[in-house]
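For reference, chains read A, B, C, D, E and F in written order, and residue numbers begin at 1 within each chain.
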């Protein structure tokens, strides 16, 4: 099993949800985060003083999937989310040892 | 070492904290997330228009524990949290390479 | 590749950001969490009733780095963040299977 | 549009003196109206985010329904006729009410201005209840209960005291602007309601330990308190029902009492809990206002400071008593503020009323104190019985309380299908 | 400082009667001013967090600019002279305006008090527009549009009705405190604006399905409604322009209409959507206030209840019609409340105006209803044409709408470089 | 309750004229009271979430203490007696104060109405300080400082100007409603306080670079500004102390000045920072209000527009000067608004006061301008010295500032043990 951790701009969330639905993903966890990467933030004025907004609001979407689906899903995401501009975001892939469904006690891929 | 990532309904948080305390877990990280899984959300009306609340508020509780304790703790959680209804949540188990306590520099299981 | 998950007090965030910048880290994800570890919270009064603030606000900073840099960066963090007092926080180290930059499709360490 | 003399159209007398009094009462009534905003803010601020919209809806509906019912029947039960126990004239059209007391009021002002002034006062009482029963009461049950309050509960007790032919009025009971009629009465209803609906899930552990449930927005709650204070000047000054030399005194003593009370609550909580408690201090200001309301026309500045101080001193203990001894979960402190403050104020009016006032009533101070206590008790017994009866009927029929699951989700979602703070990350 | 008789300095007549009327109008105008706070709160509360500061800025700027422009030219276009179509006296200094109507007003009060009262009324209209166009309109475009409203759009229509020599006034058209002049007019502008600027990104799917975009703070929105209601008493009572016996009736019917309307909206949404809708019920109270504004001086309590009920009944359907049929995205319901309520109220004044009033106008009821309808239509056509023309020019020049990217980021960041809630975790 | 003529009970004269003036002053004073809500909202809104409750508590306590102290001693120091430098009559019971000036005021109104009006004015000054010292000042230190302000600092300077026997009053200094007495004075105290307590942690880097700390709720801050504006009409119109023909002019010029100032700040920040700054524009409205307060009875509409414009033009630079040159951390801009605006307004009254006014004072314009400048300087030196002395004593004794750790945690937790926004996810 793998976990995909997908970091995107907030306004892309609806599109990503649609992609994951299409790919028959079973569940997601969505967290609001602040981030920076290549997109370094910007400078604003507040009451005459400059301040750096060096952290930008991002959305982190996590989904646990069967290892065999990883490549396919990653590709689908890139296809729909990419704009080619800085700040498009990243996907991190983790290995997951186990998954348990609390309701039934099922374990492993069955629990997804 | 393992990390447990436990996704539950917000109203179960107090129960889960008690379970983890009982199991002598050393620390937790709690995050508010939005999620969906088998429990798919519901439809509401706002000013005469339908809208889908397809993401439900969930709480993600992470705790890093010694690998040998994993099975026992997972069991304890299931026992206390399960209601048998959709939306009970899931536990994901990760392997952790290392843990470091910043205060002392201790590493590995000692640092938990 | 490794992911560092660094849990600190909110007021240390600026310092940590500076350390990570110094260490040429390419990106971070910052989440507000509630946590407890050795630092167990405190008791307050609200309208004459005691209540336990047993969860303290913490900041979780995640960064994905090349495995070879892990030791160096962990050391740098400890050096700058440690105060020696309870609540200084922890670092958890994960292995990461892959990273993908959505903008370009690059994979692996190149994508960081 | 303008410059037609609209009074010609209504064919009414039009003298400067009378019109000035009408204007005064209307301005004060408009101020009082704003109490609805004050209560809505304090009650949402001192409870949790997940029921905020429901509290708004309850406060809005109670005012709306009260305005309509009070016009159609409540006013008649309260002011109509000369019967000592219940009103009997003006049903379905308050402007047609007749009776010694109401006819005088209509003549001194105009029927509509007097009715509107009484409407905004009536609108306060159910709002007090809404705070004490917040976060677990069914919308429909609350709506019916508040309708019952403006239909019969408030008008009957009000009749005894504010209709000059009411039996308590005849005894010499003095409640100038509502410490008893509005606030104690609201407090008794709140007590019955909060007790019968039970505590919020999680407020008491099985072992009876109290678990504090902090309010979600202290700032908006504080705004509510300031708005109430502002509007309260309208209640106390407007109850003169005319432009009177004594207005200045009323406004000054009202303010001093509120200040003395808040000051003492700050000191007491600072000592008792080692840090000054913000929400209790805010409650303190309100407690001082409630207390001075009965006697603001007949006590002087020092009396007012002592009345406020007394209300403040007891408030902290009323709150602890309610929570810890009675085991009643009153999220916003409504019972302690309105019932506690109301009783203190009505009683202390006995101690500090001016000698001139006692002479005008032809009562010795001891007699007057006795009458005040009779009034407090009579209203208490009557309201507690009547309110409990209504609530018990509701419990058996529509049900008082939402399901545990609905309560945990929050009443905004379960009763209205929305979240009041859609864009904010809420900790449930 | 004190105790110099400042009137001596200004060399003006000083009689008690007149001064009391001035005081009355000034107090009511001060209440009306607070509408700016009410609108700002309701409009921010019912939209998203990411544009909250921008709405504040728009509301602030519109009042500021309106106050200056109305003093310099708007008042002259509205009240100056005796021409039936457009005002012509008092440019660059409203206090110098002359004409049958304005001279009478200046003499009954003082020029400045009358001008200030009219200024705060004028300030309402552009604020209505701001809500309907929220979250996607360029700041500069909105500012110019609202300047145009106070410069010419509002004054000309106002002249027809509120200058006693205006052609609609001469016909016998009755709009006591602005159902048409202020609210329908603002509603027409809002309709033109919201249509031409287009819906917010994400409001309608490509297939035309509606996607609800919930407001981010129902509590502050509700506070706004209560504040508006409070200030509305100022509008309706103050429009007497003198301390009049009829004030009591005005305040009572105003309140009853608002209550009847809110009550009906609650019931209808409860039945129609199975749960009572909070924000629509809040809109309902406002709709009842808009509707009673035209005739509050000439209808009785029962007329008011029916007018409010009619406004409430239709409001829900106006909202659905606007969103679903016209495909106009009006985040706060401004069009339905102000245009819908304004038309209903102006028309229903025809049905419920007292016979005395009709006699004083020398019109049969049928004739009077006809005149009311003529006024509604004339204002509608004129405003829709004029407002659309201004908006189309703006579209071609500065542009009406921010870029899609700016809209998605939110207008707070894109237009002002700040976040209105810097310390809160916001869900974008 | 009603219909006893309460004046009979107090045995006081009762004439319509006098009573109307009392009513006027009481209504205006009630409006002014609401400033407490306005300041509380603007100060919490423009600072961080983690200290919001503490600001509420400070504002509440300062009003509470000020009301009590001013009644007991402040009023006596300010209005009692005929000494040119300090008051001397009415200690422990303000209603017993005597002296040429105060006796006249008591006779024209009633003692209590005049005292209450002065109390709510006095309550403004410490509130100004609270904003400038927010987020790092110890509660106890602030409370003592604000007690000192109402005990002696404000009354003495006020005595010079508003007691007709004060030395500045005798010179012909004119400050109608408090540009200097209230606002400059509060501003000087704020300057001393903010300087001595030091900047918030993180405001300035070691290299002296400024790090902006955005306010946490622009919406509630804006609500505060609108409420202040509303209440300000009470200050300026109420300072007539009677129903006067000139009220209309006062309300109109007050509004025009605020609008001109806000408009200019919007333009200047738009040009200077490329985007219009919302919080500075809101400050701008307040700056215009402060500035017009001194001369609102003696300048005309165009004078008012210029005074507002001048206040607006300078405000932006005052703010930058305070932050960048003086290195004073004033989170809400209190110093620039109140001190800057107060000085501008007092001076500009010299330029724009009407000729009639100058004649009545028997001063040439040059002389009058000179007197105004003397007043500004005298008050500045006196207050800066006295306030600094009090603050330095506090620094040595209870301490002015919380520990760095407490400040980082936020004053809500460290001083009160609560979080003001318990259900919201806060970014610390």
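Here is the rule we use: contacts are C-beta pairs under 8 Å (C-beta built on N, C-alpha and C of every residue); 3 or more make two chains touch, one makes a residue touch a chain.
Here the structure is a predicted model, which is why all the values come from computation and not from measurement.
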item: Any chain in contact with subunit B as well as subunit F; value: A, C, D, E
item: Chain labels contacting subunit A and also subunit B; value: C, E
item: Residue-number overlap at the subunit D/subunit F interface, same or different (half cut); value: different
item: C-F or B-C, whichever has more C-beta pairs in contact; value: B-C
item: Cα-centroid distance, subunit A relative to subunit C, in whole angstrom; value: 18
item: Length of the line joining the C-alpha centres of subunit B and subunit E, rounded to whole Å; value: 51
item: Centroid spacing, where centroids are CA-atom means, of subunit B and subunit D in whole angstrom; value: 46
item: Residues within subunit F bordering two or more other chains; value: 20, 27, 214, 217, 220, 223, 273, 275, 277, 279, 417-418, 421, 424-428
item: Junction residues of subunit B, two or more chains touched; value: 31-32, 34, 45-46, 94-95
item: Chain-level touch network, classified as line, ring, star, complete or other; value: other
item: Touching chain combinations (by label order); value: A-B, A-C, A-E, A-F, B-C, B-D, B-E, C-D, C-F, D-E, D-F, E-F
item: Interfacial residue positions of subunit F with respect to subunit C in the complex; value: 202, 408-409, 417-418, 425-428
item: Parts of subunit D lying in touch with subunit E, wherever the complex brings them together; value: 1-14, 16, 18-20, 22-23, 25-27, 29-30, 33-34, 36-37, 40-41, 44, 52-53, 56-57, 60-61, 63-65, 67-68, 71, 93, 95, 109-116, 119, 139, 217, 220, 223, 412, 415-425
item: Subunit B partner contacts - residues on subunit A that touch it in the complex; value: 3, 17, 26-31, 64, 94-103, 105, 111
item: Residue numbers on subunit A that touch subunit C, as the complex places them; value: 2, 7-8, 31-38, 54-55, 58, 60, 74, 77-78, 81-95
item: Residues on subunit B engaged by subunit E in the complex (per definition of touch); value: 34, 45-51
